[in-house]
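Look at the two complexes coming up: chain A is in both, with chain B in one and chain C in the other.
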Partner chain A sequence: MNEAVVKNGPKESTMKVISKPENEDSLSIEYTATVGQPLCEEAKFRTQNVNVFYADNQAIHDVTLDVGAHEVIALIGPSGCGKSTFLRCLNRMNDTIDICRVEGKILLDEEDIYSKKQDPVLLRARVGMVFQKPNPFPKSIYDNVAYGPRIHGLTSNKAELDDLVEQSLIKAGLFQEVKDRLHAPGTGLSGGQQQRLCIARTIAVKPEVILMDEPASALDPIATAKIEELINELKQNFTIVIVTHSMQQAARVSQRTAYFHMGRLIEVGNTDQIFTNPSHDLTEKYITGRFG
Partner chain B sequence: MNNTDLVKNGLKKRYLKERMFKLMGLFSIATAILFLFILLTDIISKALPAFYQTQIVLEVNIDAERLNLNTNSDEADMMNADFRLVIRDALLATFPEVTKRADKRALYSLTSMGAEFQLRDLVMSDPNLLGSTQTISFIADDDVDAVVKGSIDRHLPEKDRRINNQKLFWIDKLASQDQIQTTFNWNFFSNGDSREPEMAGIRGAILGSFYTLLVTLALSFPIAVAAAIYLEEFAPKNKFIDFIEININNLAAVPSIVFGLLGLAVFINFFSLPRSAPVVGGVVLSLMTLPTIIIASRSAIKAVPPSLREAALGLGASKMQAVFHHVLPASMPGILTGTIIGMAQALGETAPLLMIGMVAFIVDIPQSVTDPSTVLPIQVFLWADSPERGFLEKTSAAIMVLLFFLIAMNAIAIYLRKKFEKKW
Partner chain C sequence: MDQFEFEKHTSSEYNTELEDIKNHLLKMGGKAENQLRNVLKALKERSIDLADDLLSHGDDIDQMEVNLDRECTRIIARRQPAASDLRLIVAVMKSITDIERIGDETEKMARLLKKILKRDFQSKYFEEIDHLGKEVLSNLSGSLNALARLDAEEAIKIAQKDQVIDAHFDELNGHLIKKMVKDPSKVKPYLSLSQCAQSLERIGDHAKNICEYIIYLVIGKDIRHTDIDEVKNNYFE
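== the complex of A and B ==
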């Protein structure tokens, strides 16, 4: 038994951490409350006491976290800590999993997205998503980007659609590379290009929030750098929630960082503070690479 | 002994096992190929004569008076005219020495019963032939055909032979005068069934099979794909759906004759649909094909990577749009392959069709799905059952046609799979 004490944290969030000394990977938590500043004044998303269950297994415990408007927030944590599950709650992607059950409140612009009135299709048009593995449709590059606008009827004629596709590809930094082969299959691009195509496809729908689930984990360092550069540009127009395995990436692209551990939100704070001066013992251990 | 020696000692045994396994695999494949080869050689060698037909060339005086016709005769008169008379005259003219009634009757049987219709059709298409003398090749009787093709042994004693010495003499004489010729048997592809082997053709059965499969495809493909999509993408996971799934798998294993009985009881007795008709056959075969297509379609849909669904849903596509725009096109190769395999199964199916009367002897070529007809495998069954020697080769020829269609369908399945297959 070893007792971890929270440094610099407010008194009421003191918690006990039990870990087996011989195997630090299986740190288990007896009780937790989030350290740091989970709340924002101008919040796009507010989540309040969110619990997620897969059948009888609880994957997320009592997470309360705000996502500020026009900020990039990074969700980090070891594998299986629930950060992806939490992300997928934000556009109700978990609805597709039968055994998944979400409790608590998630508000987008102060409206409950899990209420009966909320249409998941409309929600997903407002909250776009980029996945871990590039997943372009087996169609042409043009059709990939045009698919979202087409199903939502965002444009009224071909010229407008052409323009929207071009603008989206430009914003995703892909246009120069593919302008001569817009009708070539999207699956023929390289991994990094495919991922930027997926981002172009997402921003063509003009969402308010973009969720990114480890968007660069399947890419090489150069492609990753391009994606990160892209995220830095996109944050002017979109609110971005990004799940990442790479702490350097979180440090480079985000303003705020939330650290998840075993389904609990351990610490939230400004990215600088989290990486230079973490308040919680677990956060410190994770970012210094002692487990994860 | 160190590790290297231990491994070395075991190596020989391990490689021996591998060689044995390879040998066994090779042996089983060789056996399979051998039997396939024997089967195909047997069928093809027996079937080839069926594609050729013996004809007797006769100089016929199409005497209008003898036929009771004149230039004003209409079609009905022509239909009633006895064209046999002029053919008989022509035969008698070739063998003037035949005078006895019994001999004459034997002589007349050299040409097929179909010869008079052949002549009638010729005259009806060109009435100017009336009154002229024409050299026409008439279809020979199946016994003559057998002698010419050498399938009757001339050295057998006369009483054991199907054809007597007298007839053999006539045939030889005709042959020596170049009045016997062999041509490609177009009749086999243009005629319906017949009691006379030389007149029997496979067109009725081919069209019957075509109409039956048309009904089967039209019913089973949309229903099966819709069922597969519902079960894979929309159905809640509960006991009831599990029960349905198990029963679909069970249906695929039900003996096909049971479906025939069901068709008889439900479609013919209860709904009073016509007997022997492709429409009923098609419905019965769809019942049989449905589980096959459903199972194939479900596994094809299941094989579509979930990332594709997520991509569509993440963009705000409704579930229906995600399925119809992305999942279905991606699973099409598998669905089409399953469908064609199901259809090939249906094409070769005999038992259920026996129960709904498609086993009847039907001469007319079906013109629609409600006309009585038979199908290819049943035609094979019917001909194999017939005692006439000429049907032996027809049976093999019908099997060849059936196999040709099966191979063609499987080739289409492979082509479609290659064409629609996409890489992710």
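== the complex of A and C ==
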């Protein structure tokens, strides 16, 4: 059974056929090719046949997915499906795990980010990351935001740095709330404010892409709404890849949604289509809560 | 029903809620179907009593519409349905509006019929309207069966048959207009018969709408305001 299980698919499917895995029998799901449209015309990232291994365990199987410039793409799927692993490949955060091995091609503006001449530190300045739990440095609000520009030498004097910190806090929607206490500790802010501080810190180094790994899962509904509003504004200037467990959040913030299952990219498409009429049976089952 | 496993959610309560709205929708559809059958019986038997009986039960369908609307709103608020579940809720909310209007049309027919029968008016066009009514009833029953089985192929066939009903209505209405022109003293009863025929034609349209919602629910395509033959070629062959 090597054909994709396509429900209600178009007559001429646009699915991309990915080569069959060698160890197909070890999977408890049928082998499927990605359904939908994983490729973009104006791609910021192109990932081609990406496989990721933790020692002998394969976490990602042959994922080919483009991320369009200035789009918000949501990666969804059950726990352990590989969405966070895939996200971390995009700025080489997996390099920090000794047993992790990444195969395939990942191109940022058509340049291989895993080539030997690529400096991972510079890559992470271009591809910033926001994590699930807000993790401000034990420094002042100002110093948290100024940290990146200082180590990358992005400003030449104090006035420029002040301006960059202010602009970053404004873009992160936090400036009005903290403008009178910029030198107070960042850790003294509320959870939602800390997360926006982390976003300001990410923005301050002027990245091109922001990776978000469940950025609102530790926040209350109001703080979540502020982060989502922020994502909507940030997409004007940045490309955003967001991993989320909240399907409503994926539906609200993204233009495209990619569904992962057991390390495979099952389906990717327009968010409206994925949430009203998914083509793949597994996507349908996941987003309607029929797994288990 | 293989691809619509409403009963297989992780939450069994959610399964029950979706099954319930589907069952209540079918029950409401059954009521409307019965009302149409009864008004056609009243027409055939020229019975004012049957028409009166129908009018006394008109509120049942209205109340079912209100209850189903409330239940669908509650499910949207509490469950945030997606994909086929969302399409089911949308299809139910749309269908109940059409079914409620079918109920209204049958009541309108019962009132018109009473008016005609009180005049002791006789015409061969009663049989013609009865014939049109049988076609409409067949389409309505078919659409409700397709809804029960979530059978999109059957739904498209029934939607296509609405063209036959429309043609039949146009022909019948043309004859009735000629009669009115020819014998102005009988304009009122012929006009009432024409309005009865129009109600039947509208019930046919509502049955067709239900078929369109079934197709939306099953294949996820909104086929409203598109050519039925084209839809059939694109999605069903």
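Quick note on the criterion: the second predicted complex is superposed on the first by the 267 of 292 C-alpha atoms of A that agree within 3 Å, B and C clash if a C-alpha of one lies under 4 Å from a C-alpha of the other, contacts with A are read in each partner's own complex, and residues count from 1 in each chain.
Please note the rule applied: a contact is a pair of C-beta atoms (placed from the backbone, for glycine too) under 8 Å apart; a residue touches a chain by one contact, two chains touch by 3 or more.
Quick caveat: nothing in here was measured; it's all calculated off a predicted structure.
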Which superposed partner A:Thr202 touches (first chain B, second chain C, both, neither): first
First, second, both or neither for A:Phe175, with chain B first and chain C second: neither
First (chain B), second (chain C), both or neither touched by A:Tyr114: neither
Which partner, chain B or chain C, touches more chain A residues: B
First, second, both or neither for A:Phe53, with chain B first and chain C second: neither
Which of chain B and chain C A:Phe275 touches, first, second, both or neither: second
First (chain B), second (chain C), both or neither touched by A:Thr288: second
Partner chain in contact with A:Met247 - chain B first, chain C second, else both or neither: second
First (chain B), second (chain C), both or neither touched by A:Phe131: first
On chain A, positions contacted by chain B and by chain C: none
Chain A contact footprint on chain B (complex, rising order): 236-237, 305, 307-318, 321, 325-326, 329-330, 422-424
Interface residues, chain A side, partner chain C - complex: 7-8, 11, 247-248, 251, 275-278, 281, 283-284, 287-292
Chain C residues touching chain A - in the complex, by the definition given at the top: 3, 5, 8-11, 14, 80-87, 219-221, 234
Footprint of chain B on chain A - complex, ascending: 91, 93, 96, 98, 121-125, 128-129, 131, 133, 135-138, 147-148, 151-152, 187, 198, 201-202, 205
